[in-house]
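Note that subunit A is present in both complexes that follow, paired respectively with subunit B and with subunit C.
Now for the complex of A and B:
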């Protein structure tokens, strides 16, 4: 047996698994998005009716807008909050406490996914901790409506992704040799100039990679908007689940999934220059 | 003041990060029917309640079964592929790596939806097995990437030495490669287990009668806020933290020695 044939033997099982249970399903899903429903029976074909429906029906294209708005807000806010946190842990916290601080900062990451959204529901509920505290302090007279809003969805998401991004940005920051900073300072740069012209460009690939990951995970998530957002507005994953549940409309659900993949592909192309996916 | 600012930020960040966890755990000890202020208790009644609930303990066992099974298979497949790609010259190896990593860039919801369509078309009933198949799909890229990244020249030299001394390939892998890569293999396995036993959407779409823990929690959520959910959530958190900390300690010791 040649070396190459042997190599194929090792790679083949994983490759077959990926083809059978990932690539093939995606191809079938793509074909499904071109099929139509006649009553309850599925008619295979090459129809663009589902995609036309996405453009025509307000609740469908609005879901795409809602998903984009929420995801972009979450990505930007999370990066802006996580960067200073990672910075402080990397450069202000004494070396011997760094690992512990980082570990503590991302520990709630390991709460069960469904439970984490539920916990935010408790915090933001009408009788919840935030409202009670504000009432007791006399800052508000009536409880605020915090749960079942877009604000709640974004809060739940930001909480999760701040932890994820702190980890990735921290990993990036500590890889920087302190010599860059010293050199910039020696050459007379202010702290801000050093950050703006030296540190930020050097850490940009890490930030963009983390932000892309956030974008992908956020736009495809069903749990957080479903638990925290209420049903005032629906995101794409929520609409997909409605199609699967109520009418078993697999063609329309598939078309929505294809649109979701298209959006992620566009996001990928937009930041491909800086992406280092092999270094996640 | 300028020096206090970073510490204030750090404190505010920790309050934000721990607020939901603190509320979750605190009100799991609530001696009343609603997990909201004022706090009454502490009481362990909700813990006794969930531990006596057969649906929940059954779901917990299902979750562990799926997580351990799917992670074992994902690590074995991922290891073999990493070995093949790192030790043999294959045409188009960059493309192959891309294909193996690809599931990472697709939402779990879409992975689940695709499998749901194919499996129901193929007439296969939904069960823990189908959920496990889905979990291998999402864990395989991670296992492959972690193990592939740690395959260096150091092991290759040891493998070559063993081969020169007459060991066949199976023996080289089992006696040289696997032991040398044990930390990476363990890391891949534990990461897979923690991701898989907590995974919701694929398990939700691909199971029917026997469900995993997150799916069971989901159906409990429909009946609204309850300290029961706090208790089960706190317990799950505790288990995850113990696993994560023991892995961290294990590796911290490994680094030092």
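Now for the complex of A and C:
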């Protein structure tokens, strides 16, 4: 057996798996998005009617806009919270405690995603912990409306994604040699200048990788906005579910899914330069 | 040489030991969550030595798509929204049902719904449970008199204290009733007027919620009113929180009904029929009515002989004649009108 044949033999299972469970479903979804429904009968074809609906129906456009606004907010807030946390774990926590600290940081991962979302709903309720604390401290006179809002959706997402980003940024930070910081200090850089011109550029791949994963997972998530958002506004995955539930409009749902993939692809292209999946 | 007989004996013993389990009949049913209560299913399994495999679904479209992709014989029984029986019949999914084998004569006459369950003179399903999409509320927090008029339910008084049940057909039905349009007569021309009511309702609401979220919101005090709620929403909470109750306003409300039928192509039609006979029997009906997932009125009036007084009080058994007279079945649109209704609903949510 030649070296090349052996090489193909090793990668063949992975290729077959990718083809069967990614490429093939993607082709089917693409073809489905070009089909139409005649009553309840699926008519295969090359129609762009479903994509035209995206342009015609305001609620579909609004869903795309809502998804993007929520996803970008979650990504930015999560990065801003996760970076200092990862920094503290990497450089301020003694080495022997770092593993335990990371374990504590990811502890919420151990509970069910759905249960965690419902827990947030109770925490943010009018009679929940947050409102009761603010009322008891005299900071508010009436309970705030926190649950069933975009704020609740973003809070639920940020709680989850800060953990993910902390891990990716931490993995990046601990690979940095302390000599970079020492050299910058020796050359007269202040702590801020060292961070701005040395540390930040070197940790950018970790940040972008985590941010990209956050973006992808957040924009495609159905559970959190459904439970915490109270349907006060709809994201794309929620609209996809509505299309499937009663009418089984798989063509329109597929077109929406393709649009979602298009947005993710654009996000990938925007940050491809810094993406380093080996830093995860 | 002695090893081979020993091996064969062991294999035979193993086969005999396992064969009763594999020989047990299995019935596959596509159902709503109320059928998954063991208290409902176990008596049938024990009586017929059968394992009932239940699969829940959400939305008729999803169920029909699943059935169309299945092989004949994969499914035996289907529970379906009463207004969607015709869709399943059109798709060749339901088999004719021998109605003389079922206790339809004992049903509340208003819920037999032959116009829904019968197509071209052939019965394909029977109603098994019904209830109301109306107004659930916390009697300690709102004035019960206000709940008797739909206009005051979503008035400024209750701004931000309302949750709307997240299903467009009953909500459009309630909005139509509020606008004086009978649910059976809703047409495309009525959608503007209905849309105005929905917008007002939506403007007053703190959330638009599914079953669990609506129950949670009402139970935790997040909201005081659930528009589109009913006994199915508050009955399971009644024991711990008797202040959570429901009413049918003076204008009326929307009635829901679920039907059950045999899937076309089942390899065991007799067992499937036995299952439907059990579900529609007084005993099965009483258990289905008080399922741990959600409560609802049994279609068979004789279930009243089995339900306890406390259970009947929660179901408002004695008030059913009045309720049935004042409620309308929720809209059953054709495909085009359904698309327009769904668009109207989604536009309202995105306002």
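The working rule: the second predicted complex is superposed on the first by the 263 of 280 C-alpha atoms of A that agree within 3 Å, B and C clash if a C-alpha of one lies under 4 Å from a C-alpha of the other, contacts with A are read in each partner's own complex, and residues count from 1 in each chain.
The rule is simple: a residue touches a chain if its C-beta (ideal position, glycine included) is under 8 Å from a C-beta of that chain, and two chains touch if they have at least 3 such contacts.
Everything numeric in this text was worked out from a predicted model, so none of it was measured.
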item: Partner chain in contact with A:200 - subunit B first, subunit C second, else both or neither; value: neither
item: Which of subunit B and subunit C A:32 touches, first, second, both or neither; value: first
item: Which superposed partner A:163 touches (first subunit B, second subunit C, both, neither); value: first
item: Touched partner set for A:125, first subunit B, second subunit C, both or neither; value: both
item: Subunit B versus subunit C as contact partner of A:88, first or second or both or neither; value: first
item: Contacts of A:191 with subunit B and subunit C, given as first, second, both or neither; value: neither
item: First (subunit B), second (subunit C), both or neither touched by A:250; value: both
item: First (subunit B), second (subunit C), both or neither touched by A:48; value: neither
item: Winner by number of subunit A residues touched, once subunit B and subunit C are compared; value: B
item: Contacts of A:62 with subunit B and subunit C, given as first, second, both or neither; value: second
item: Overlap of subunit C and subunit B interfaces on subunit A (superposed complexes); value: 118, 121-122, 125, 127-128, 227, 244, 250
item: In the complex with subunit A, residue positions of subunit C that touch it; value: 58-62, 64-65, 87, 90-91, 160, 163, 166, 169, 206-210, 213, 216-217, 220-222, 335, 338-339, 342-343, 346-347, 349-350
item: Subunit C-facing residues of subunit A, complex; value: 39-40, 57-59, 62-63, 66, 118, 121-122, 125-128, 145, 147-148, 226-227, 230-234, 239, 242, 244-250
item: In the complex, subunit A residues that touch subunit B; value: 3-4, 6-11, 13-15, 17-18, 21-26, 28-29, 32, 81, 84-85, 88-89, 92-93, 99, 101, 103-105, 107-108, 110-116, 118-123, 125, 127-129, 132, 159, 162-163, 216-217, 219-223, 227, 237, 240, 244, 250, 253-254, 257, 260-261, 264, 268, 277-278, 280
item: Interface residues, subunit B side, partner subunit A - complex; value: 6-7, 9-10, 13-14, 16-21, 23-24, 27, 34-37, 77-78, 80-81, 83-85, 87-91, 96, 99-111, 113-118, 121, 133-134, 136-137, 140, 144-145, 169, 194, 198-201, 205, 213-214, 217-218, 221, 225, 229-230, 232-233, 236-237, 240-241, 244, 248, 252
